[in-house]
Structures are given as C-alpha cells and as structure tokens.
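One structure, pasted below without further comment.
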Amino acid sequence: MAIKVGVIGAKGRVGSAVVEGVGEEQDLELVAEIDKDDELTQLTDAGAEVIVDFTTPNVVMDNLEFCIRNGIHCVVGTTGFDDERYDQVRAWCKENPEVGVLIAPNFAISAVLTMVFARQAAKFFDSAEVVEYHHPNKLDAPSGTVVKTARGIAEARREAGLDAMPDATEQALDGSRGADVDGVHVHAVRMTGMVAHEDVIFGTRDQSLTIRQDSYGRTSFVPGVVTGIRNVADNPGLTVGLDKYLGL
Amino acid sequence: MAIKVGVIGAKGRVGSAVVEGVGEEQDLELVAEIDKDDELTQLTDAGAEVIVDFTTPNVVMDNLEFCIRNGIHCVVGTTGFDDERYDQVRAWCKENPEVGVLIAPNFAISAVLTMVFARQAAKFFDSAEVVEYHHPNKLDAPSGTVVKTARGIAEARREAGLDAMPDATEQALDGSRGADVDGVHVHAVRMTGMVAHEDVIFGTRDQSLTIRQDSYGRTSFVPGVVTGIRNVADNPGLTVGLDKYLGL
Amino acid sequence: MAIKVGVIGAKGRVGSAVVEGVGEEQDLELVAEIDKDDELTQLTDAGAEVIVDFTTPNVVMDNLEFCIRNGIHCVVGTTGFDDERYDQVRAWCKENPEVGVLIAPNFAISAVLTMVFARQAAKFFDSAEVVEYHHPNKLDAPSGTVVKTARGIAEARREAGLDAMPDATEQALDGSRGADVDGVHVHAVRMTGMVAHEDVIFGTRDQSLTIRQDSYGRTSFVPGVVTGIRNVADNPGLTVGLDKYLGL
Amino acid sequence: MAIKVGVIGAKGRVGSAVVEGVGEEQDLELVAEIDKDDELTQLTDAGAEVIVDFTTPNVVMDNLEFCIRNGIHCVVGTTGFDDERYDQVRAWCKENPEVGVLIAPNFAISAVLTMVFARQAAKFFDSAEVVEYHHPNKLDAPSGTVVKTARGIAEARREAGLDAMPDATEQALDGSRGADVDGVHVHAVRMTGMVAHEDVIFGTRDQSLTIRQDSYGRTSFVPGVVTGIRNVADNPGLTVGLDKYLGL
C-alpha cells in the first residue's frame, strides 16, 4: 500500500517540485497540499502518514508540533534550526516515541554522498582540495556545502593523525591557493551558465581520486526527499542529516 | 618500534618500487630483499615480521607456505589465485592462526576506493555507466578493474530492486553505446599519453555524481601496500581484497 | 542605433527563447513576432532589418523568399536543408546581392567552437576520441554533432597525412571501443539528469588535450543567434554554419 | 631525405629526451650530440641542418651565434631571453637571412594549443576562469603558463569590448575566489601525484566550454620540438613561440 503524504508549503518553488515528485512515485500517494492559508487539520482529515515541510523558520515549529502530536512522521528541509529547536523537537518526539523526524540541510543525494565519501577517503591521501563552481549570482564564496565538506576532510585527517599537506609554494599571487578551511584549500569559480558543481580532489603517490558532483537544475533535492519519505517511519525520534538514512 | 619488512621479488619492477616505498616510511624497516636466487631463510634470519610478495604464480605458494609456517604475515600482489589456492592458504592459516595474509588483485588505493564508493552509490541513482581511459598499448578492453566495478554496480542495483536503466535509444551506430556488463554500459578509450583513468558516472533527477580515478605513474600501488603492511598483523587469517582493510 | 529584429516562429519553444534573448540585448530591438496565423507583411510594415527563423521545413522556404526579396537579412535555425534548397536560396540571394542569409544547424556557440578547435587540433596528436553524454530520452546515439566532429577530425588527419591511431587492443568486449566514425572512436553515454555534454580528447606523448562542451539548459542557442543577428548584414549571400562568422 | 639534427645539451634531462625523440622519427636523423666539453664544430663536421638547444642562459648565445653564422637552423627551449637578446639574435639572422630560429618558452603542444584556443574563445563568453593543478613541490602559484593564458584572455576580452565578468559575490572567505590576473580569476591546486594540468573554463547562457590540458610525464615537450625541427627551415628569421608554427 502506498504511503500517504502531505506537503506543507505546497505552492512554494521547492514544495511544488515535491508535489510533482511525489506524484511520480507509485508507492507514494499525495493526500494533502497545505499552503499559507490552509488548516493543518487537513493533514489528519486526509490520513497523512508522512509530511514534507519546506516552509519558513517562523512557521515550521508549529507544523512539527502539530504533526508529531498527531503521529505523523516529518521530512523537513526548512532552514533555521539551532540546538534549542532540535531540543524542542526531541522533547516532542519523546512524548510520541513512534514518530520519526528527519531534518536535513541538503537533500541533493549526490551532494550528500560526496560529503560522505570525502570523509571516508580523506585519511588515505596526502593531499585534498575542493573546487566548487556556481552561477555568478551566488552571494557567498565558497558555498556552505563546500565549507562543510572541507571541515569533514580536516576532521578525518586529524582523527587519522595525518600531517599537514605537502605544499612547497614560496611565491604566490594573492588568493591563488584558495581559502584555507581548517587546512583544506578551497577554491570557488563563478561562471555564467553553470548551476552548482563541486570537485573534491584527493592525491597520493602517482594517483588521484576526484569526487565530482553536478547539479543541472533546481529540483535535484527531489530524490533525496523521496528517500526520506520512504524511510522516516523506520527511524523513530529525531535524525539530522540525510546521510543517516543512506546505510553507508 | 618499526615493523620489520621483507620484500620477495625485490628486483622486479613492482618489487623494487615497494623496496623504495618501504624505505620512505618511518614506521617500517626493510630487513630483507629476496629475489630469484636467494634463500627464504634470509627472512627468518633477519627477523621479518611482514613480507610483501610480488612474484609469479609458480613460486608464490612456496613463499606463502614458508612465511605462514614461520609466523610471518603476508601482503601479496602476485596474480593467479583461484579457489583451490585460496583454500590451501586458508589451511596453512588454520594451523598458524595468529598469522595474517592479505591477497589483493589491486593495491592502487584510489582504484579500490572507486570500486567501494561505486557499489555504495549505485542504489541511489537511475543511471550508471563507466568510461575508462588507457594508453593504446593495452591489450584488453575494457580493463579488468572496470568490469569488476560494473559488476559491483549491477549487483547493488539488483539487491536494491532497481529497474533497468532508462534508455530511449532507437538508432545507434554499432558500438556507440559501449559494452553491456550485467546491464551497465562500459566504454573504453585508448589514448597516447594517458596512463590509466576511470570515470564511474551516476545520474538521477537534475544531478550526477562522478567518481574519477587517475593513475599518473607506475608506482600507484605503493600506498596500498604500505596500508597492507601496517594492518596485516591485526587481521589474522586470509583476507582477499584491500577494501577489507579500509574500514569503510 | 539598434538593429530591428523580427522573429518568425515566435511562439515555438525555440522562437520564444529568441524573443526573450533579443529583448535582453541593448543593441537589438524586437519589432515583430510572427507565428502561424500572422502575415509576413508585418515584417516589412515594422521595418525589420533582420529576421530569425526557427520554424519548420515546410514553411521556411516561403519565409526566406519573402524576406530576401524584401531586403531583409535572415538568420535561420530551421532544419531540413539540402543542396537543392541551398541552391534556391543562393538564386534568391543573387537577385538581391546585398542580403545576407545565415543557415546553421547548431547555434550553441560552445558546440560550434568545440568543432572548430577539434579540427584545428587534430593534426598535432596521435590519438583522438569523442565521448558524448546526453539525457536518456535521446533517440539516436551518438549525437549528430559528435558524428560531425569526428568526421572533421578524420578529415584533418587525412589532410595532414597522419597514420591510423595506435590501438593494440586484442581482446575486447563487443562495443567497448565505441563506434568507428571514419576511424575516430566515438562513445555515447546516456544518463538521467544530464543535458548535453561532449568531450573531444586528443593525446600524444605524455600529454592530452580535452575540449569539453556542456549544455546545462535549453536556451544555449541564444548567444549564437545574437552573434548571427549582429553579423549577418556584413556577410551578403548565403553562409552555412555559424563558424564562418566567428573569425577564427 | 631525413633532416640532419644536432642536439646541444644532449646529456641534460631535457636534451636526452630530445635525443631519444629524434631517434624515433623516420624523417629525422641525429648526427651530433653536443654537451659541455664538446666542440661546436662537431655540428658543422657532421653536416647538421637543424640544432636543438636546451642548455643554459650563459652558453645559449654563443651556441646561436655559431649556428646562425654557419647556416644551421635553431630550435631553442633554453630560458633567459629578454628583448636585448632577441635583438641580438635578429641581428645575426639579418646577416644570414636564410636561417630560421625558433625560440619558445613552452614546447608542450597541448599547452600551446590551450593558450591559442583560450584567446580565440574568450570574446564569445561572459565568464572565464582558469584552474591549474600541479604536484606540491612547485614553488610558484599560479604557474607562469596560466598567468600568460589569463593575460591572453583578458586582452582578447578588451579588444572585443566586453564588460567585466558577472560576479555577485558579497561574502567571501579570503582567497576563495582565486587570484585576479587582469580581471581573470586564477586558482592553483597543489596535489601529490599530479604532474601538470590546466582547466580554462568559459561560460555563457546555459553552457560552458572547458579546455583541459594534462601533462602526465616529463617528456611532453618532445612532439613540439619535433614540429619545430620540421618547420624551422621554412620560417627564416627569428620566431618567438611555437604557436606561430601551428598554422592556426
């Protein structure tokens, strides 16, 4: 039997892509689309088993409280969570121990895998650097994903007791060696026409390993959300990060 | 204290690179170099704790019997092992249960990781293909490594219950879609100047993930052999494949 | 003063992107949008100096006759031209010698440059192969662009008197070495999420050169059409192929 | 008939690769190998028609004077040339107008083509950046080749009257956007195992073009030197840069 899914924020750019994505899966049934002026009771009326929430920081907590208390599992891509909020969600989950809640900053499955593999590979290589490529309208450099990836690499190297990376550079044009994120050099390219792309590069004797992630469009989060919907009921309590669901 | 290492086949192309590589590591001490006309007792005389064997199918079994019976751990890159040989090694190990033996077809750590990551990633993507690039003197196409990678992907897809990959091709020039290895399309490029390179490409909605492996020279197996030497004593019995040592 | 542009086929998928693209350029002014039920005289009424035609084989010739006879330059991306049609266009141009007509099968400037550079580079390398990557809904393999690129490489090699490429392959899985297009091996990958991508790879002693073209979206032809509009008046008579306008 | 070639600096790392490379070509005949203690008259005695000079700044001018005065064409990869030295060579050539002299800072044909194509492509794209990858023992960042490539792109953009590249970056980690070379952002990666690699990336609406150059070994200059030897007699006078011989 299909899983009954409700989407909160169903008319937003992301939410509407989720609505469409859910509609394409045979094992998922869309039973409710909630937007700003709709009542959350539509979810219970429709018998939703899982909700997907891509809304805003100021409404997401109310949504979660309602759903958890009504035994509805939650897959959440809304931003703005901090420790205090996580603790609140954990408290609600404690009172409803059968409910699963997945909160993830990134649902693009290729980006999540890149981060996981980068952390796994880090200890086997002398060198590691990251190059990211985005459209030129992006406001920050490097991307948050890449900073996180670099920190994961740095942490794995520390845990493995690796030395600093070899680098004999004596004369460098300012900026040419990139930004230093915990000892990992990170470079950001801005290029008209590109969307979002990332190379995590590792090198050791006579070889390199590159993990390349390409996003070509704006709905790359959909497969990750679908993975979340399918697995959230089997993961009671709060889970932060889609990687926990990937079984790696 | 440094691990005492003996190299069998020390004057061969591979063996001499191992000798050099061992010499560069502070936690390893080279105590014996054995080649064709040397006695294996040099290993016991020198107090070797681990041997590395890159020799030939017709002598490797004698080497292993001697070492295992003398309590020396073995890291083996020699080819030609089949089930019968593995069983023989297991029998010797049973009599000497503290001894570890690692036999691996591929010690290039980036290639081994590529295979492991490919298997892990496979179930999350609709499409997967492999492109390998080698120098034009290579006799077989595609490479054995790539066939193995493709089989791993196919197996992971089957286990996850994935459908066949989408492919609407109606008109194709013969060969343009590559070779079919268990449903995974595999392409082999032959290019003067190149050494050995591999792209494992996965795609799903609006995104792709590429795991790229580059070998630039002939000593890319050295870091993997060193990893083997460091870990073989902690892995008693027979282990086939370097991936088992990587803790992934 | 801005160039006055009319778009024929203005409501089609391609035509509407041209309309939008022309609107973004300060030196171009959109003066007429013609679709199925509109009269071509709107073009003359509006004083169009250049038209862009992305229509269908069965109406394009009438459009061209009207425009050329009225002194309007033409930039044409419609398909279905053969020698007979080119001769007819040349005949009309002969009667109106000041009019320029550009007919091009491909307006994606990065794809056109890839083809030009591939032809230029070919004679300096021992090996050359092409790998193309497309979404899995594509019906033909390899793409027409890639076949053309391969033929250009083969022709340049013949003109330079190069030998056949080195290839020692003795054992090959069927299809693994790709399709043979005039001696150039061509490989086609089909991958969910991808759009249209091409690697033209050249190799010689200890080095390779790769020309990579990526299309990320469906309006990659717009910059080429704009280049066509700006230059067509300076190129009287029939020109086939955007490359002739690039001054390379 | 084969061209008679002398190599000066024949025992140096580069010179000995040239000796070997010349030996592999059927249309070239090695007639003299000169090193430190040898007399240049060996060249005239052996009837050398072309010399290759990979020596040092302090001896190259004497070598050139001798060869030019004796009617021997010169292919020169030695460094340290400035305007004064070029003028001196031109003066010798004026007295011996049939002699050709090629002085080039870079004989790796793929690197030279990358620079030429980058300059040709520059004016058709909104964005352009360069990423280079080298082994970690390199002392300078970015490489001289890449700085030159970036300057060529900047010059081509200026000549075409292009605006500054789009870049909305507001918050950037220091160095993340690379070094600014005449407005072109340049990034340098240092990676154990790598040799010398370069990506020149161009982007415009919905597309990008990447020219990638890979050096896998230390003899990548040989094909360019051979091209020089074959063409120098047909190019009397001083030529600076191998690109002039490529007929592009």
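Think of it as A, B, C and D in the order they're written, each chain with its own count starting at 1.
Everything that follows uses one rule, which is that a residue touches a chain if its C-beta (ideal position, glycine included) is under 8 Å from a C-beta of that chain, and two chains touch if they have at least 3 such contacts.
By chain, UniProt protein names: A, B, C, D = 4-hydroxy-tetrahydrodipicolinate reductase.
In this text the structure is predicted, and so the values were computed from the model without any measurement.
Visitor: To reach subunit D from subunit A by way of touching chains, what is the minimum number of steps?
Guide: Counted as steps through touching chains, the separation is 1.
Visitor: Go through the assembly and pull out the chains touching subunit B as well as subunit D.
Guide: Both-contact set = A, C.
Visitor: With contacts counted as defined, which of the two, A-B or A-C, has more C-beta pairs across the interface?
Guide: Looking at A-B and A-C side by side, A-B shows more C-beta contacts.
Visitor: Specify the chain most distant from subunit D by Cα centroid.
Guide: Of all chains, A has its centre farthest from that of subunit D.
Visitor: Is it true that over half of the residue numbers where subunit C touches subunit D are used by both copies, so same, or is it different?
Guide: The interface of subunit C with subunit D is built from mostly shared positions.
Visitor: Could you tell me the distance, in whole angstrom, between the mean C-alpha positions of subunit B and subunit C?
Guide: 46
Visitor: Report, in whole Å, the distance between the mean C-alpha point of subunit A and the mean C-alpha point of subunit B.
Guide: The answer is 33 Å.
Visitor: Measuring centre to centre with CA averages, how many angstrom lie between subunit A and subunit C?
Guide: For subunit A versus subunit C, the centre distance works out to 39 Å.
Visitor: Please list all residues of subunit A that touch 2 or more other chains.
Guide: Touching at least two other chains: 125, 193-194, 202, 204-208, 214, 216-217, 220.
Visitor: Going by the contact rule set out above, which residues of subunit D touch subunit A in the complex?
Guide: 125-127, 129, 131, 133, 136-142, 147, 165-181, 185-194, 201-208
Visitor: Taking the complex as given, what residues does subunit A use to touch subunit C?
Guide: 193-195, 214, 216-217, 220
Visitor: Taking the complex as given, what residues does subunit C use to touch subunit D?
Guide: By the definition above, subunit C touches subunit D via 21, 108-111, 113-114, 117, 120-121, 124-125, 202, 204-220, 222-223, 227, 246, 248.
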